[in-house]
């Protein structure tokens, strides 16, 4: 398939996707859980892809994603809470220090930048560590960040440990899809660029990569900063979705959860991450909720079903994937519509040829 | 195999896209009432007890007449895991289930986190034991049937100053918990205004289990009262460790402590515990009647008894939950519709006299309850004992 | 032979108490193929690792085209341990990471092939072009400098065609037969645009035929790219075929140097290789 | 005693051993010599059960031990002194010796004295951490450790590797001593002269195949062998 | 909130040196006691981490959760049987759990990349926590009172539980026993050799899997003892009870030098005491953060910890 054709098909699909979403929003009941899945799934897709950029493409085992999300979310919230609401929200801190707002898009990007800046500082310190030590150190940094944001001495900026709210959110599912789409596209482009190849080389064999003239430290730092940038934007989007931000929710468990989703999707596949995110959110928030409800069929109470069962089922699924299905849904392959198109056309051609042959 | 699995999953996703167009249950003779409560996490115990009150109310009054027809009232109970990050999705699942009105939640932070979702969907919420003023402030869909922390803080400060004769108070709150941070804050304001002294105001992180250093701090700073309006689970640990360390000063707390978990923990200790609460069962006939009925219902349902912590002690949040259910029914009756919007409009004018006092909402959606019970624990038997009824008027 | 391109001056490498390379001095002239031989554990690979910056030598210096590229002084350790600084020693100390060395024009292969096993043949070579690519993250991500990318791809294609590897370009490197993997590793090293090529046991595990092919191949690329080659090898047949000069290491020390003929008849070498023969 | 038939071993995707056959008779010293990467170590590892062979069979004392696990093979009386000594540096010398007899439950005193009699130097240092020994002493220790399992067949992988000439001589003396106590030895060496002088029988391996074989003394003067090492 | 510090300082500046020390000690005794107590409990968990890491190079994230499960097991058993039976049974079941986890979650991944095993450990931790959540129904469980160690005792003016006194003694006894086991028994020797070198250990006839199982058994045994002490102090068990102590114990193991048992114990005591003193100084927000800051400093400046051995990696 030619490049031109590929671009045409891809852009047509993107238009179709957004058009479809738009129509869905106009015609369907927006209170449906479907829209929760679409919104939250899109945001998780970005977050999981960001973690996969490190884990899957650069070979850096980081458990500090939650810390960067926290930075993004807080930056977004702090700079977008309407000035008139501040007196109320920063009630213990005389309305806080920041007394202006910036546009939503700027706050999102700023959130990404702040996360990237901190990633630069942290990466400078910890990126020389190897695999599991790196994981623990990044986890530690995320916990330290969380403690700093809860510190009441910084309350005039962060509102201490108290909740931040009343900042703008989004109502249409098109917004997160747009932002996440852009970010994912950027990530895909990066991975397929010269830098992406350098990342993968480093993941496969550090010593050989170094012999190819790739500066390990610089390149790792770069990947770490970029991943954190996207995590920051993801954090900002998550804040917009949740409409409240609180430091205590950005725990190590959140990083673990994201990492496990990346494993489900396949370490080293961005589309796998996206697919797994939507599936995870859909199952977790919607399809499998029934597992948590005590259910009766007639007088018969279905055994096991009660609060918490959903999570047990989930963790068992995750363990099964980790143990027996180590490559996840997608392995390291990427799912591409053009690829499928090619396969289908090839298949049709084959059929035709076969038919033609039989006809003769 | 792998491809097949992926394909199946994708199909499932696509199918559910298609299937969720409608969701119209308009013809059914059912009114759905959402219960947004924590069943797990730090506030799990309290959330469950609150839910029990609602379930009992639903057991007492399972139907309602709207426009001359009898409707079944069904509860949609969800667990928000005491996690503000989970609240929006959980709230949305209630919206998606078609709830006309939502009850809950137990903690103020959870209400604040869920509020915007319900506001956006136009579904009224009746807060049950969320005492922080921020819950209803600026949200025209959030109501509440309990007193506020500003009031509770004042009452507690008065009690500490006048009754306990405390002058130096040590305060402990949970980091990031709007309820305990807020209540400590209001308490400190009032207590300072009375001329008392706050020796320290500390916070502990969520999930903390070691309180010995806070207890030691209070002792070192020579406080004469330990004020800790914290959640039930940490409170149980605090009581246990205070006892082990031989804490000499009284422990003072807010409404969350009205739970059998606290009573259990305090049983057999040498502590002097007092807290403020919404309800005391021996006040009048209504309360006595409720207590009897509720206890019987608990005993008839072993599951419920387990959820209540294994015994039949009535926590204040249970009658409060019970009342919230009836307030919701009143509003539906007044609106004569199961439409959320109409119910919301009707709620502003609802008046109802329940087991925890009378309910009438002001312009913020708050009630003007003017009485608080101060209750202590009889450490020998592990039972609650009534101390006094404080009112704002004082 | 013309000018010295790579020179080791008193190179010493100690690990703990063990001296793996002991005051090694050697030279590689431009356009020459030189072999470094010696028994197992003689310190050949360690010397390679010092040249390429994987290890920081304990003492000595390495010159590329007369320019000092790596240097260390044993006294520096004292400074590092006890603090302070001593200009006299610090001035002479030059430490470079492997990527810097590669940039300076020394490329290498590894004893146990280190290809990027999960990537395609094409990408394996293309990644070596990254080092000299003139794009930054942003332009690379947004494809602003597509000419540069196209150039890199073109050069890679040319290189692969030259090595007769282009027909495997979409294969996964790890799935290639062993001989091809060796060739690919050399091609990848060439893609970094080196002046000096270091080959660590390129003929290991090859049969005589393959070995013959390999020596042809190395000579070809040397001519074509104007390289100087330093190689480690055990296969004496191979070394004798290909090397202009041979250095022999034993216990980290240089015990002999000379042409293949000289070396074959050197008693010290026979002793190191075949063992001391008391009766002889 | 040991019979290897058409052994094929794949190692890291490479055919390291391509169908080799050889025999080690009871009480003899047999050596496998050959260049690096010829597949000698792989052969020994396959016999010891550390690597599963891809084909062929290994018969020890009439029992098929192909693909059995190492513990069982060791219990049958086969032991391997691995390449590069591989002593346990954090254990003391005595512990290293004792662990050689890990599978035995009887009294070790006699055996310990026996190995001390062969390696008196080890007795002097029995309390030291093995990591502090010199290379030669470590090699002694590795041999002593292997002897403690009372092996019937002892395989040695390049025992002279990286040792000074004096120690090399000592090692070969030890090999002779051990053999005189009735232990059969399969030896891998690059130090061909010494190995062939000691061995009753020798095989020359090249890129996974056995190219030449013969009596040790014959091979030592064989021009082909010389060629394989020093070329033309 | 520096008044705490100032008080201590004021006492130091007044009076003689020894008096000042004694004074400081006296005012801060409750923190130090709490620190010693919790430090000893961390130590018992840390040994499990350090031993597993020493042999498998795996951070067994599930270890903290096994510790929590030990608490739950004891709670459930003690509702049906007296403590004299339920305590040994707790140890037994916990050990069985540790053994099973290794067989199920780690053994199949022995030849997989290290990150796979680590992800498996994370997944296992997630699974155990969720199972605990499901079984307990999300409510915290009150740990049974163990007689004697639950009693209050007054030391030098500070009142505390008997367990505070018992913990360090018990920890020292157990560590001495463990070190003896590792130093002077055959299985201990095998463990050390497996930690040094897998392949050569196999050549000695050692069954690697058995040794690894043994490591998990010892680790979980100590964790179950630790849980008895810990939950006697902090009586409420929730599914996440094990997470923080687990992480802190791991930090202690790194601090002491991974693979070193005395190192892990000393590290654990240090962390326990420091953490409580920090709380005493009023920096409670940072008491957990401190642990991680310490971890990062150690990892960067002292990667082999206090007692760990330097390992040079080979190219």
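By written order: A, B, C, D and E. Residues from 1 in each chain.
Everything below uses one rule, namely that a residue touches a chain if its C-beta (ideal position, glycine included) is under 8 Å from a C-beta of that chain, and two chains touch if they have at least 3 such contacts.
These numbers come from a predicted model, not from an experiment.
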### Query
What's the overlap between the neighbours of subunit A and those of subunit D?
C, E
### Message
What's the farthest chain from subunit B if centres are computed as the mean of the Cα atoms?
### Response
D
### Summary
Taking each chain's mean CA coordinate, subunit D and subunit E are separated, in whole Å, by 44
### Query
What whole-Å value do you get for the distance between subunit B and subunit E if each is reduced to the mean of its CA atoms?
36
### Query
Which whole number of Å gives the spacing of the CA centres of subunit C and subunit D?
33
### Query
What whole-number Å value describes the gap between the mean CA coordinates of subunit B and subunit D?
76
### Query
Among the residues of subunit B, which are close enough to touch at least two other chains?
39-40, 79, 175, 203, 205
## Note on the structure
For subunit E, residue numbers touching 2 or more other chains are 133, 137-138, 243, 285, 288, 315
### Task
For subunit A, jot down the residues that touch at least 2 other chains.
147, 150, 152, 161, 207, 307-308
### Task
Show which residues of subunit B lie in contact with subunit E when the two form their complex.
39-41, 44-45, 48, 79, 81, 175, 200, 202-205, 207, 209-210, 212-217, 219-221, 233, 236-237, 240-241, 243-246, 261, 264-265, 306-307, 309
#### Entry: Residues of subunit D touching subunit E in the complex
48-50, 70-71, 74-75, 79-80, 82, 86-91, 95, 98-100, 102-103, 145, 149
## Note on the structure
Interface with subunit C, subunit D side, in the complex: residues 13-14, 16, 35-37, 158, 160-162, 164-165, 168-169, 190-195, 207, 226, 228-232
## Note on the structure
The answer for subunit B against subunit A in the complex is residues 2, 5-6, 9-10, 12-13, 16-17, 20-23, 39-40, 77, 79, 83-85, 87-89, 92-93, 95-96, 109, 112-113, 116-117, 120-121, 134, 137-138, 175-178, 181, 185, 203, 205-206
#### Entry: Partner subunit B, residues of subunit A touching it in the complex
24, 27-29, 31-34, 36, 40, 85, 88, 91-92, 147, 150, 152, 160-163, 165-166, 169, 171, 241-244, 246-249, 254, 275, 278-279, 282, 285-287, 289, 292-293, 307-308, 325, 327, 329-331
